[in-house]
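In what comes next, chain A is part of two complexes: it sits with chain B in the first one and with chain C in the second one.
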Partner chain A sequence: MISRSPPTISFSRYLLANRNSKMWIIYILNGLYFAALIFLISLGLNIILGVMGILNLAHGSLYAIGAFMAAWTVIALGKGAPMFLIYPSLLSGVVIAALFGLFMEYLLIRPMYKRALEYQLLITFGALLLLEDVIKMIWGGEAYYASRPCDVLGTCHILGNPYPAYFLLVMIMALIAGLLIWVFMFKTKVGVMLRAISLDREMATALGLNVHKMGTFAFVLGSALAGLAGALVVPTTPALLGFGMEPLILAFIVVVIGGLGSLKGALAGSLIVGQTRSIGIVLFPEIELALLFLIAAVILVAKPQGLFGR
Partner chain B sequence: MANKKIGRRQFIKTTGAAGIGAVGIFGSPFKVRRAAAAQKRSIPKDPIKLATVGFLTGAAAAPFGIPGNNAYRMLADRINKEGGISGRKIKLTSYDEAGGVDAQVKLCRKLILGEKVDVILGYISSADCKAVLPLSDELGGLIMAYDCGTHVLMEGDKSPYKVPKYTLGFRTKAHLGIDNIGLAFMIRKYLPDIKAIAGINPDYAWGRDSWLIFETAMKKLMPHVKVVGTWWPPLFTTDFTAHISALMGAKPDIVHSALWGGDSVTFTKQAMGMGFFEKSRMAFSRGEPYPQEVGRDYPEEQLICCAGTHYFLYPPHDKWPLNKWFVEEYHKRYGKYPTYPCYHAYQAMYTYKNAVEKAGTLVGGWPTIEEISKAAVGLSIQTPSGHLMIREDHNGIEDVLLGFSKRVPEFPFPILDPKRMEVFPAHVVNAPVGIRTVDWINSWKV
Partner chain C sequence: MGLKNVITRPKFIIYSLLILALLFLPRILSTFNLILFEYGLTFAIAVLGFNLLLGYTGLLSFGHGAFFAAGAYGVAMIAKYFPGLYAMEILIPGALLLSLIVSAIFGFLCVRHTKIFFAILALALSMLVYALVFKFYHITGGSDGLYVKVPHMFGMTFEGTRRPQFLSGIYYYFLLGVFVGSFIIMKGIVSSPFGKALQAIRDNELRAELIGIRVRRYRLYAFIISGMFTGLGGALWSFINGHVTPDVSHWVFSGEIVYMTLLGGFAILEGPIIGAMIFTFLKLYAMGSTEYWMFIIGLTLIILVLLLPTGIAGGFKKLADRITG
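Moving on, here comes the complex of A and B:
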């Protein structure tokens, strides 16, 4: 009779069996790559939530719009396009997501500022459905394959293991984006104003800050970050309708783990989600998703404000 | 009763009197002829309302829904050009399968009760098929499932089970059993030395059922082979890197997969980048469309199943002109080679056409849906991919084609290596009527 490994095996036994395996470096890199993408999405979600107090359920749709636009641009450039055009063309996803964010904030979110949370949830959920139809109208129902930016970079070798070089580029891009946002939030006047609004909206208004204008700016910035994540992921996977749901759910888990409105929390939460998923798939493949929800549940019970939340 | 001999005179007298009487009662002989003609059923003048349902948006649209819909339109044009079905033209309307099971149940009710369609040809998702097919009998509408794969759709809870499960519900193709049993046969024949297998399948009924059949068949055919791991990524996963690394760490000789659509393409591309194919190979239960999607870089030596004998190069065009016509016409219209959902669309459309024509001949006019349903049983239809037979369990059975990917200069993507293509006959890969597939495999004496 065919022998079959049990679905879960002892962690120590597995580590012993694989202690000389060079694959562990790849498992960790996989976790970092996934964390990089989730970090960009959850960072945007966190900025919008922190500054405006809006839980944007349509954030995943902005990520999808970024992916579709970037894929469309790469395909439109054609196979013969030079390298110096391919990578900047991905930024089209950032621009379109920012523009959609601007219109969304102006038309839908602004009238909701003074309403209760449930109105905001309803309006952003409505926006999610609306944006799905907008994507369908603009790009149709077909899948968009734009793998050239990933193909061009090829494969590098890490401790003898082949690894797509593009994935390392994504990690570097996420790191740069995170550093820029940190510098912006902590070292510039506008950043300080945004943080002031997120700390005490009423006091910031009393001090004369234009809260609406800053809110619009924060929403556009958050949307652009979602668009950046979509643009960076699309060379590795086709853009499809419904593309934004999985990352949105994971970004919520990151926010729950890391804490609302915290930059450090977004980083820590993304790393925890990325590495748990990567190691979980290796060790406990039957419960890879359940593991993430379990961690979120434990954090909610033990520290409801999240690891770095206020 | 005593046998009374009737004389010539007596016969003429009797029939003459009867004839005069008949004329008296019913009128002239011409009127009698008209009455007989009135009993023969008429063919309605209006077109056949034919609804097709498949994913026109979302992840399953590009690989399945849109190619299937393209084929339906192409075939409806062909049939209408040839005069329609029993003289009635087809009015084809396409509906989107997106929205989940509840949306499909509502749509099905609307189509049968509201639109009063003659037939629904549709459904790609196994979950949708399981929800919608029972409505055929409940609402009195003819439904022919054209692409969904789960083996449990027409099977009972235990063997032997009663057939058919639905009087007006059909599936005009074989279920996923043929793909996964075919893969096991191919592995035994071409890769007899393998020691370890693994699986990566989508985490829902389709993936779980595919692995169940494959594992059960492997258990029978190659009992020495060890399963080193199974992975269940959620549908529409965009990052498979962790799964690929885990697979590489488990070191299987071959990995079974029922991934489809964007998931299959994403997995293949990411696996290529991570050097997976230098260490292992895949056995894709529905891999036929994806070399065309990925292009020249698609790895060689991957074991690919065609969900039947549905392949643009098989049956060979010189031996089977219907496939030549189908491939050329589809390529001319849509700029791509037809993939297996296109062939499934042909099977559904022509099962309906042949059943209507057969029933129509028997009843002498346009048949009722019950008569069409009865006529469909036992049909053997010539299709571009060979023959399809509709059994008394209302399920289609067909041969299955498998092969290994190989790059050739004639095409911009790998094709199945012509030297290692295998066709397993329908009776070898389909369980007998009334016997569950798993029970049938377990009863094999190897």
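Moving on, here comes the complex of A and C:
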């Protein structure tokens, strides 16, 4: 695609000049792909926020841990591993992120339940610093790149444009995960309990729900979702140190746009963020992030609690 | 008032003696440690401002790095685009103006919210500054940052003076003077009716509103003052560092500001200053001794939050209260 553009003008100018071509579908798909990943991260963040009232600043680190673990497993399996082993092996990232989440909740978050907000935030910030170095200790400072799950699927053609099939798989996975969470939250008893806690913590406690146990569960679930996002992204980009920082910020923007603790808000917010990024990168590469903030600011001025905030 | 004077007088004497002692610090400390101490002083000014928001208004901002960066980049941009104006007496007001503008805009958006939403919003907005500084590299130098040369001060030039010499000479006294000035101003702010109103808002927002305090406007003022102090810290920091990079506007740096404040103890005005000093030395020595310095910083932070939530100053105060009965 890039090679076709004359060398004198930039890629984005070229795309602007050829707006009418069928490239737009690729940008929208890319936007959906971004949105799918950010959705998984912000969904986890939002579940934890809603149920426990704790903003986990180390959420990005859990995502990074998921990515490193999944990449490591795929690399360890080697080139000869059969297809049916490679894709489930990505799930190792989910498992390890959930485990780290469990430890974190047990050791750090649990003593914080009755403490002021500052301490809750600060302890997750401490966990972030700690986990960044734990990643360095376990996996070293090098980049982990496991492109095999992506390469195996090859490309498919959408309106004449080649597009990696793996990206579509990621979208489908995110969709499935989102649907499962929705069914879980709205159709099962545990989900109803979780929602009850996030609506009125005191009342839920009075009704005899084990708030702490549910909190642990929510934290592990949220961590697993972050790990899933990490595991899914690692076949397309190498896992590096500080890998979780940028997605975390995007997830925060999603939370701000969509509203605190709202699942619908997470979906709407990540779609806005994903599409803005994808189109922004093409049209205004310099202010692509700033554009996102502009949208967030406009939404906040119009609806201070976010789109679906209570 | 009479009773209060009696109580505060020993404190006043102690502080005067302490400042007198600090005047002789360049003769005692090595240049390395002195410069480290100066870093600590600039952070102390920044967290002093931050604590007006956290300790006195009850708002936790995870985005104060943006104002720090506004101050630092204010200096660096004047250096790059208006070399003729490169004098301390212009640089400091310039940096203050820039941080005033940034904090007024951010404050307008943030003070409608409290608690977690406020924290996330401040964090996200500060990352906007980071993104802009990072992306507009032809203006701000991008990830390379900008160079800050030794400035003119009040008609004196320091051509040919090397930075450590400048820093351990006149700049130290200037910095100390600014620090003492900011401390006195902050003390004045928190004991003024305005400061008391802020504390009323912190303790009970509804009650404050009912007795006629305009909560949102007061929060905005506190936000702006807080941002300007942090910007001043950033501006003074840029001369010591000699080099301004987008890192200071990243939210991890904002987190470090929060850490310093809690390390010292945010319930006491002097607490964050102690925290800033200790953090500066702790971080540098941790970085010098191990590759995994973030692990050490994170671990100390966690232990601190779990075991000593009132910070070092708070711990000392508790100890003193216990001794005096």
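Convention: the second predicted complex is superposed on the first by the 291 of 310 C-alpha atoms of A that agree within 3 Å, B and C clash if a C-alpha of one lies under 4 Å from a C-alpha of the other, contacts with A are read in each partner's own complex, and residues count from 1 in each chain.
Note that a contact is a pair of C-beta atoms (placed from the backbone, for glycine too) under 8 Å apart; a residue touches a chain by one contact, two chains touch by 3 or more.
Everything quoted here is computed from the prediction, not taken from an experiment.
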Chain B versus chain C as contact partner of A:Tyr163, first or second or both or neither: first
Partner chain in contact with A:Leu289 - chain B first, chain C second, else both or neither: both
Contacts of A:Gly191 with chain B and chain C, given as first, second, both or neither: neither
Which superposed partner A:Leu240 touches (first chain B, second chain C, both, neither): first
Which of chain B and chain C A:Leu300 touches, first, second, both or neither: second
Touched partner set for A:Tyr27, first chain B, second chain C, both or neither: first
Which of chain B and chain C A:Lys136 touches, first, second, both or neither: both
On chain A, the residue positions that both chain B and chain C contact, one per complex: 136, 245, 286, 288-289
Complex contact set, residues of chain B against chain A: 55-59, 61-63, 65-66, 98, 215, 218-219, 222-234, 236-239, 241-243, 245-246, 248-249, 261-262, 265-266, 269-270, 273-275, 278, 293, 297
Residues of chain C touching chain A in the complex: 54, 60, 62, 109, 112-113, 115-117, 119-121, 123-125, 127-128, 131-132, 135-136, 251-252, 255, 258-259, 262, 266, 291-295, 297-299, 301-302, 305-306, 309
For the chain A and chain C complex, residues of the former touching the latter: 49, 53, 55, 57, 108, 111-112, 115, 117-119, 121-123, 125-134, 136-137, 245, 249, 252-253, 255-256, 260, 286-290, 293, 296-297, 300-301, 304-305
Interfacial residue positions of chain A with respect to chain B in the complex: 1-5, 7, 18, 21, 23, 26-27, 30-31, 33-34, 37, 136, 140-143, 145, 147, 150-151, 155, 161-164, 166-167, 233, 236-238, 240-243, 245-247, 277-278, 281-282, 285-286, 288-289
